[in-house]
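Chains: A, B, C, D, E, F, G and H, in written order; residue numbering restarts at 1 for each.
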Amino acid sequence: MEKVLDETDKKILELLIEDGRISYTDIGKQLNLSRVSVRARVNQLIEDGIIEKFSCVVNSEKVGKKVSAFFDVDCEPCDLVEVAENLANNPYVASCYQMTGPSTLHMHVLVDDFTQLESFVNNELYALKGITRVDSQILLRRFKSRTGLKL
Amino acid sequence: MEKVLDETDKKILELLIEDGRISYTDIGKQLNLSRVSVRARVNQLIEDGIIEKFSCVVNSEKVGKKVSAFFDVDCEPCDLVEVAENLANNPYVASCYQMTGPSTLHMHVLVDDFTQLESFVNNELYALKGITRVDSQILLRRFKSRTGLKL
Amino acid sequence: MEKVLDETDKKILELLIEDGRISYTDIGKQLNLSRVSVRARVNQLIEDGIIEKFSCVVNSEKVGKKVSAFFDVDCEPCDLVEVAENLANNPYVASCYQMTGPSTLHMHVLVDDFTQLESFVNNELYALKGITRVDSQILLRRFKSRTGLKL
Amino acid sequence: MEKVLDETDKKILELLIEDGRISYTDIGKQLNLSRVSVRARVNQLIEDGIIEKFSCVVNSEKVGKKVSAFFDVDCEPCDLVEVAENLANNPYVASCYQMTGPSTLHMHVLVDDFTQLESFVNNELYALKGITRVDSQILLRRFKSRTGLKL
Amino acid sequence: MEKVLDETDKKILELLIEDGRISYTDIGKQLNLSRVSVRARVNQLIEDGIIEKFSCVVNSEKVGKKVSAFFDVDCEPCDLVEVAENLANNPYVASCYQMTGPSTLHMHVLVDDFTQLESFVNNELYALKGITRVDSQILLRRFKSRTGLKL
Amino acid sequence: MEKVLDETDKKILELLIEDGRISYTDIGKQLNLSRVSVRARVNQLIEDGIIEKFSCVVNSEKVGKKVSAFFDVDCEPCDLVEVAENLANNPYVASCYQMTGPSTLHMHVLVDDFTQLESFVNNELYALKGITRVDSQILLRRFKSRTGLKL
Amino acid sequence: MEKVLDETDKKILELLIEDGRISYTDIGKQLNLSRVSVRARVNQLIEDGIIEKFSCVVNSEKVGKKVSAFFDVDCEPCDLVEVAENLANNPYVASCYQMTGPSTLHMHVLVDDFTQLESFVNNELYALKGITRVDSQILLRRFKSRTGLKL
Amino acid sequence: MEKVLDETDKKILELLIEDGRISYTDIGKQLNLSRVSVRARVNQLIEDGIIEKFSCVVNSEKVGKKVSAFFDVDCEPCDLVEVAENLANNPYVASCYQMTGPSTLHMHVLVDDFTQLESFVNNELYALKGITRVDSQILLRRFKSRTGLKL
């Protein structure tokens, strides 16, 4: 069962989503709370698994990942879970989901260039047992990319 | 042209991706740098657009977003950019991309439940001019979800 | 929020699903309850909307409905709800649902023969504004048909 | 060959479809028949297999079946009948048909939630020999659901 | 209601399917009937619409129809019947059917060569109002071509 | 190389396509030829393989073939020719072609009813080695059916 | 009607396909012909339209065309020819064909990078009237690229 | 890394693309260069792999290649590279590429006629191990065919 968040928790989350390094003192000032009680609430949110991690959002193109590709990977139904776990361990794979719809894994891949993409496809992906068909699309234009969540 | 990152920049980024709230002093200790020069490098990474943001990763299911859906939205080619910008402003839309492949927008939507999903589809999505076909899939199982980047 | 059913309610429902005309006296004997308290519980189940209706299951082929067809009806997204309500009022339409997946209505149709099916398709379905594509399949063999529910 | 129903049989069926627990006396009053001859006709309709069963229609969402899914299950043509019989015995499967169109079984599944759906898919469905591809869709909105039949 | 054929009628039809010019005397000899009663039965089969026509089967390639193509023609549902009747009048169209499945006409076209095919497609087919998509396939190899019927 | 037909040959063919039992005397009268030279030309057309057969066109529905179905049969590419030859020998199969487009056989099947169709599909078609997928469509309406050829 | 080439013509074509700048003297030596008669034959091949052009094959990647994309462009059937002629005039379009199969133009596009590709798609392609759907694929690996012809 | 071409190199390439047999003297006259320095630049362009070959463009239909077909060849992912290399060695195959999109090879085939096409498909293509599905389309009309490159 999900934790029911009160309004103060939601405001703390929104501030941390907007700036993951904001100090607890600054949060407290905005919400009229002491630094200690902000820390207590944040720790509780972490303990409840609501905050999974603090991180920083890196522009993948600016660090050389020029090609962003989405893959639909069809596999023999009996091999799907093993293929998925295999792909989840691959460093080029940014995300990997099982969806309703066709028995396909949906996967996001980030690579430096087409040479690396071709090598990933032919040497790493096609080498997995149980894969029957692979479809891929290349990102042309990003209109919105999640950096937050509407609570 | 992308900035060429040296090894120290890469290590700083890796530490910040793993823990977005790590103090510059702690980064300095691990990399044998002063707190001041860590701060200088981080500021430069922000200025260059390499670090886009510090944020916190929230477990969407635990805050009540029970349904995670992927949409492929076909539109009249001449309306695609306008539809995309419209959807990018919708608070339920987490991400929205134009890809190679069919003239389709790829969109990730997070909602509380099926009632909210049906309302989003019938009242907000289908109300946009130029949409010709909508396909949607519901997330069944998450094998990997990006919280980092292999540098 | 759904009603939480106790074990006695579940047993009453199972008996009524199996035989919709079973007397409350007979239900009471099997569950060690008085006829009056069975009736009270059944009335409560009806009031809560858990029992929607008592009915009888008729073999559609034996009353002359020789052709059982499933349709996927694509429509202009903006016309979908109106088309669906229209079809729901058509006496040949046994069921009509909006699903995830393509912007398609899923519809079950029962007709006497192919002449009636062709007339339904060309005169009633294709006459609706906003329909862009119709796919139909004919039932070949029934392996299971719901007449109950696993509680 | 189907039984040819006379007008009185049809009216009796319509009354029983509308209210499966209506008394034979009440049917008799409406149709100007004795209770005995109503019972004789109903028994004949049961004997001829025209009335398959009396039942009660339960609102599946209100008893906790939150997710209603349609599956198209592709199998090796030579395994289709065995897969179909297997699925027909699965308690989550409400109905299972072979249709014209692609060599696909059409199946309706009712489960409590997505955890149960994912477990059904990965542990029960994908474990069957001969399945090559599974497509699934989730019900968003019910416009009409058969509780009767136009005679 | 179809005519119920007796065994003699069936044998007469089989002989005429095999050789449309066989004399009634020869049929009579094989079936132990007089020429007059063969003629009477054939006339009755024509009158009942069972024999539609006597014809001769011409090898279309040997008279210069080098290209045999199958078309699936999608149209706006509301224009389907008019498009179909239009195409049925086109001399290049050998057959034209409405099928279950997508709202598509299935059409067989015989032309002399690709120049004629391209002209048919661009000047006659694409000129019809209501056509939304055309798919075509060229015959590669004929394994069986109906010249009879199993009675 | 195809035979080049002169105008007289073409007129003879047209008359025979229209009425396969027309006497050579009647043809001769219309074309101003002797009965003997008509016979000589017809015999030459038969010898050249231009006339394949004289036959009679039977209305398949009126002799009890109520269901006319088109099948697309996908097979393992290496099994395609063997599957095709097998199907060509099946008495329910009216025609069977290999086309450009997907590696699919296109097949026309005529059966008495759905019971026979289901038995054909499950017992005869699915029993063939190398078949991977079967799609079928039922004829709804016939707009044109070849009984001739434009010369 | 095509020109029937003799063996000498074929050998001359093969030598010119292999090296478009080979001197007529060198061709003559290899085929035991005078320089004059080689020139006469080449001129005749040009006049007959058999040799369309002498050209040089440039490695498109090495001159900065990093992205090679194939497009399938669906259009309203009535607009297809106009769209095709429009695209044929676009300098990024290397080739543009109408094929059997769906009513789609097949087009090869060469651009410098994804920014140019996105601009071509959104500003030049989607701006054309009558385009209903665009599918694109990016070249991953070249196994063979025509630079000759088997005569 | 690609060679950066200066304006003179580009102009030389454009002249050679337009006429592969133009003399270095004529190039020199148009660009105000000596014949020797033109030769030096052309030799450098060849050495850098920018000019791959001089060739002549032959009209394939006029030398008897009447049928131009595009194939999409699906294979088991693990066999794709071997199948591609095999096809690249086939003399009927003009080009063969691996693309993003489905795990399909895109191949251009030139043959004399349909008899040769059917033989290529059934005897050479379907005989390769690992091929699961073949789709083919025939060229109807050529709107543009690359004979140059926009530099």
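The rule we apply is simple: a contact is a pair of C-beta atoms (placed from the backbone, for glycine too) under 8 Å apart; a residue touches a chain by one contact, two chains touch by 3 or more.
None of these values were measured; they are calculated from a predicted model.
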item	value
Lowest number of touching-chain links that must be crossed from chain A to chain G	1
Between C-F and A-D, the pair with more C-beta contacts	A-D
CA centroid of chain E to CA centroid of chain F, Å	7
Between chain C and chain B, distance of the C-alpha-averaged centres to the nearest whole Å	41
Chain A and chain E, separation of their C-alpha mean positions in angstrom	59
Chain F residues counted as touching two or more neighbouring chains	98, 100-101, 117-118, 122, 132, 135, 137-138, 140-141
Footprint of chain C on chain E - complex, ascending	74, 76-78, 80-81, 98, 100-103
Chain G - residues contacting chain H, complex	2-3, 5, 13, 16-21, 48-65, 70, 84-85, 87-88, 91-101, 105-106, 108, 110, 135, 137-151
In the complex, chain C residues that touch chain E	69, 118, 122, 125-127, 131-138
Footprint of chain B on chain D - complex, ascending	114, 117-118, 121-122, 138, 140-141
